[in-house]
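Two complexes are shown next, each including chain A; its partner changes from chain B in the first to chain C in the second.
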Partner chain A sequence: MATKLSETETITPVAQPKKARQKSANITERWMLMPSVILLAIISFIPLFYMIYSSFMNYMINPDQPTFYHFHNWAVTFHDSAFWLSWGRTATYAISGLVLEFLLGTALALAIYRLPWGQNIVTTIWMLPLFVAPIVTGLLGRFLVNSTYGLYAWVLQLLGVHTEILGNTLTAMPALILMDMWEWTPLITIIVLAGLQAMPEEPLEAADVDGAHYWDKLRYVILPLIARPLLVAVLVRSMDILRYVDTIMITTEGGPADATKTIGYYLVQIAFQFQDFGRAAAVGLTMLVITILIGQLFVRAFTRGEQQ
Partner chain B sequence: MNNTAVATKRHASLSLILVYIFVVLALIWAVVPLIWMILSSLKTQAGMFSMPPKFFFKPTFQTYHIMFSSTGHFGHYLLNSVLASVGSTLISLVLGTLGGWAIARGNFKREKDISFWVISTRMAPIPAVMLPLYLLFSKLGLIGTMVGLIFAYTTFNLPFALWIMMTFFKDIPPALEEAAMVDGCTKFRAFYRVTLPMAAPGLVATGILCLMFAWNDYAFASVFTSTASQTVPVAASLLVSQQGIQWGQAMSTGTVIMAPMVIAGLFVRKYLVRGLSMGAVK
Partner chain C sequence: MKSKRLTLAASAVLGTTLLVAGCGNTSGNASSGSNTTSSKVDASQQIAAPFQGAVAGLPQITAPKGFNWKQYSGTTLNMITENTPPSSALAENIKEFEDVTGITVNIEQADLSTVAQKVALDFQAKSDKYQLIYADPYQMLAKYSYDYLDLNQFINDKSLPPVPGGLSDFIQSQLMVDGYMGTKDHLYALPYDTPTMVLVYRKDIFDNPKYKSLFQKENGFDWTPGPNLTWEKYLTIEKWINKEVKAGVITGVQYGAGEQAKEYDSLQCDFSDVLAAYGGDYFSAPNLGSIGTTTPGKSLMDSKQAIAAATIYKQIVDNAAPGSTSWDWNGLGEAFAAGDVAMAPEWHEFASTFENPSKSKVAGNVGYAILPKGPVRSANIFGGTGLAISKYATPEQQKAAWLFEVWATSPQAQYMILKSKDGGETPTRTSVYNLPEIQKGMTPGTPESKAMPNLLSMNATLQAWKAQNVYMRPKIPQWPQVDNIVFTQLSDMLANKQTPAQAMQNIATQSNQVTGN
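Moving on, here comes the complex of A and B:
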């Protein structure tokens, strides 16, 4: 207690003028940050509050003059089995997509890192799908797996698989996951590869001198060294996989028989097909809460990593 | 001893062969759809649908002719796409650069909170952002206008530009600005004359990525545009109808959407990693 008191006593007189100095020194920065903060506030807080407001309003009878609806939208949302099923599908889609992209992306980064030459050219070709618009990915996917004239469907038919892939409840979701993998696995690879290239050499050399097997080296030296880029890759992807609906909008529209109706597409349907904006707002808020929670989880993981 | 060395060496070359096979398979998986799209866009209608698929044929530019002929409005859609993506990129880049530098150099009490706010704005699910913007825009009469679309794209580009430019500026030592200020520069002038030129490569990469996110967008454009303000991705989606899909047109439209982004992306490849990873690989 006594030490604590003396601490504050010594800090206060020093901290006071320093704070004042910082404030005046920050004037230029404040002015330069202001426009971004104002615009960001307009595009984030106003829509957010509007969404909270909308979730308590009834837009169905007279969309121009919504009336107060109490918790009706929320009650309907949480009692709708389609809402929970959509979240379930989203979890399947996101988790299997993330795991597969993470494993393939990391494995490929490790492979590229071992190449004696041509690392740059391989990476360049591998990252091409990143530049493709998600809607083009969807169109291409539809074209390639079409059972009558698709290239991939043709290959599968040679292997004995005959089905309309996007029209089959069993195969539609895996096909969408594969499209997502095609487009975004390169992102994981280049982040991890950048981490590998920034790795210090000494620990690896020490492991080589000790005659460590590659798997031991990977497990005990390489992976711990690239933990941060790995975490970043998962963070960026886990949020983006919830973010985009483009591919689903152009390929299956949630079908067949709702097999690919993720929460994002469920929202799009309620809002823009059924025009039930109040209920859609409630669904949108649940999506926002989940993404912010994931974000906070990762921020925690990061600050813990930095403190160590 | 010698034997084990030989065995390890053989083991190493065997695993290297496996690595090669793995990489080659991955590259084939990555490029086949793209090559197939470009090839299909150059085929005749009949050639496109022939089974087994045709790999060698006499190319025709028919679908590209139709796309840019006077009957289609493709040129108009292209102009809309350029206006909306360039407009939002410019706004995001200017504000993001000023703000990014300010966060990197300034001493803000709530820097962590500001950072998290910025990144969560960027990562909010598109359908969840689309809905309130749609309601607000319809009240303000912004649906179907270029201003509305530019504004919508700025919702994801500004936080992105802010974040990335902040990480680029944090990498540049403030000592140079301080030296310029000792020589009599104001803080802003020191930023403008000394630091900004050094951040130019980062600025270009950020700009290209913003351009790409806006150019490739379909969800926002499909909701916020009307017939007159449609963008190219929306035009591509219109080739899909109840009766079927105009595959020839879809493949050439897809190629036209992809080409400028691939060229621009490869041009600034070196800096893209940092941009795409939100600057956190260090």
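Moving on, here comes the complex of A and C:
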């Protein structure tokens, strides 16, 4: 014990200045970050608190002088079947879109990664939809499936299919998911491709030496190595797809028969068409909670991955 | 990890709040120029304004002697309007106004729902981003009448240019709908355009002797569209054409009829024609469609008339071109111009597109008639709009905007818009319709009709404007919600998710909730 104490005594004078320096550096960093944190607080927390306040107010009688509405907006929101149905359609849209984009994007990234040459050209071409504004994607989609002059509609008519893709409750949602895939699959591809290119060569070479097949390498080496970029890609897209309304607004406006009315469009309708800001705030806050929960889910997945 | 969570939460907050609070730019970019209000104006003498293009027989744009048309030179006005032909025509000719007044006018065009949303947000923020507003009576005037300037203050100000020809020159029923809300104490807008739903049909199909006699032989009545056509007959014609197209007997068209049945305002308009023809209406209060009210009374949508109208309307759409459920008025117009459908209820102003060979395959082959009648009458929905001035504009901008109102709604400008190469819009002024040239233009084949193709639909439209034929939807502050309820429930009905009776009952119940009945 005496020896140990003496060791401690000899170590302490050396360690203390190091800790103090680190503490001082941390304080400096925090001060330097302070303006950004304050700015972030202003642009995010003030609107958040205002939203919470708004969700308890009635703007319908006189928008200039809203009156306290107790829990009315919340009660109406949770009792509105359209609210739950919109969430259901959002789940269909988001899950289908994410799964398809994830599978296709990853497969394409793996294919591009294996190209012996021309990777940059193929990637650049594949990325082009990302540069298109979502509203233009909607216009383009609407144009292509228009039964009067649309190319896709014309091809379908040649095949004997006489249906209005965006005017049919069965086909409108799949058409919107395809439009979303066209625009956002390249994002998954790029993120995954970046992960593949940053992958260390040694495990792959070791697998080759062991005589592993491609599918074994993919399953046991490549996918675990690119797990983090995959999670980032899904996280980014999942948070985005939940609030996505641009394409819907320009193509179907929630129809036909509400088949494409997602929660984002439902909110837009209440806020900007009905000008019912109190109810819109309540709906927006539920979207916020769901988005945070999904974010948390991915953060935990990250944490678990790091611990392993 | 905490900081990661914080960042994540902050991003989520930002994303969602931006979605809700988006479009919050309320900074107006209207700039004011020098204000050199003329002090010596002689209101007893009116002098013709220096605008080009005065037309003999039309009331002229005038101003009191000594009025300086350049006194608001340097002022910039922003106008927001629906992307309709008159707005395009106005934008095309705006230089004429700018040259005389020195006022710059930026004309922003968008679809109607976007215009309504932007105007509402502008008013909420009490911003003067838009000084001149295309004030749709149902979406924008009824709910926000207190945000518009009372134009009577300018009309009563003798130092300013008066309304050329006076208010009496406007078609009075349209002035009532476009200009007032609730009472006639305040005038909020001057009539600007006049779209009215009429029946457009293919003359090459309906006048074809072979088709005509075949149809008459099989169905026992003359199918020519006109005052005797009923919605039941319309349905019969629609089905028959579909059948004969499939059999290869009728060529040059794909379907009997097209409808604007997208889950949108157009669906409500399309249905309203049938509803009113069957004697139905949305609410019980009187004068709903003319001067408007804030207390519409109980919903009448669970009435027998409404259910009968919904029942036949569903059959009509079921047998229409499949695209109908995704078409608004523009989509339907494109399909008709492409020769896809033989007949359709459509806004009469589309005549300029249908008669333009560069935009239409059916140019020269289009006929126009009032809409089919139901058991009660023919009902042709009116969709005209007025031009209003925002209360939140500066006093100088307000007066500059008044000069624009005087010019843009004058008989002279209405005549110019009508003759515009963009097709324009039919005038809101009786004086313009009284011109011999305009009267001649309503007859197909005349040089005047070629110069002003919109006039080809005017015989039908003038019939449609008669009190017994016109339908004005409810002008109430709650209309945006009611409109949404109507087209959502109808869309459900068209998708076979509910019966016509259920759809009408749902509309009645939900409308009563919105209006507090």
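Convention: the second predicted complex is superposed on the first by the 274 of 308 C-alpha atoms of A that agree within 3 Å, B and C clash if a C-alpha of one lies under 4 Å from a C-alpha of the other, contacts with A are read in each partner's own complex, and residues count from 1 in each chain.
Just so we're on the same page, a contact is a pair of C-beta atoms (placed from the backbone, for glycine too) under 8 Å apart; a residue touches a chain by one contact, two chains touch by 3 or more.
A quick note: this is a predicted structure, and the numbers were derived from the prediction, not measured.
Of the two partner chains placed by superposition, A:Q65 touches none, neither chain B nor chain C. In the overlay built on the shared chain, the residue A:I190 is in contact with chain B alone; chain C does not reach it. In the superposed model, A:M51 lies in contact with both chain B and chain C. Touch criterion met: A:N168 reaches chain C, while chain B stays clear of it. Set against each other, chain B and chain C touch different numbers of residues in chain A, with B touching more. When the two complexes are overlaid on their common chain A, residue A:L115 makes contact with chain B while staying clear of chain C. By the touch criterion stated above, A:R228 is placed in contact with chain B alone, chain C being left untouched.
By the touch criterion defined above, A:Q273 lies against chain C but remains apart from chain B after alignment on the C-alpha atoms of chain A.
Of the two partner chains placed by the overlay, chain B and chain C both lie in contact with A:I43.
Looking at the shared chain after the overlay, A:L130 reaches chain B, while chain C stays out of its contact range. Residues 40, 43-44, 47-48, 51, 148-149, 239, 243, 245, 264, 267-268, 271-272, 280-281, 284-285, 287-288, 291-292, 295-296, 299 of chain A are contacted both by chain B in one complex and by chain C in the other. Interface residues of chain B, counted against chain A in their complex, comprise 15-16, 19-20, 22-23, 26-27, 29-34, 36-37, 40, 48-53, 95-96, 98-99, 101-103, 105-108, 114, 116-121, 123-136, 151, 154-155, 158-159, 162, 186-188, 191, 212, 215-219, 222-223, 233, 236-237, 240, 245, 247, 250-251, 254, 257-258, 261-262, 265-266, 269, 272-274, 276-278, 280-282.
Taken in their complex, chain A has these residues touching chain B: 22, 25-26, 28-30, 32-33, 35-37, 39-40, 43-44, 46-48, 50-51, 54, 104, 107-108, 111-112, 114-116, 122, 124-136, 139-144, 148-149, 151, 154, 182, 186-187, 190-191, 193-195, 198, 214, 228-229, 232-233, 236, 239-240, 242-246, 249-250, 264-265, 267-268, 271-272, 277, 280-281, 284-285, 287-288, 291-292, 295-296, 299.
Residues of chain C that touch chain A in their complex: 1, 4-5, 8-21, 23, 113, 116-117, 120-121, 124, 143, 262-264, 321-327, 331, 334-335, 338, 340, 480-481, 484, 488, 491-492, 494-495, 497. Every residue of chain A that touches chain C in the complex is listed here, in rising order: 40, 43-45, 47-48, 51, 63, 146-149, 162-169, 239, 243, 245, 252-259, 264, 267-269, 271-275, 280-281, 284-285, 287-288, 291-292, 295-296, 299, 303.
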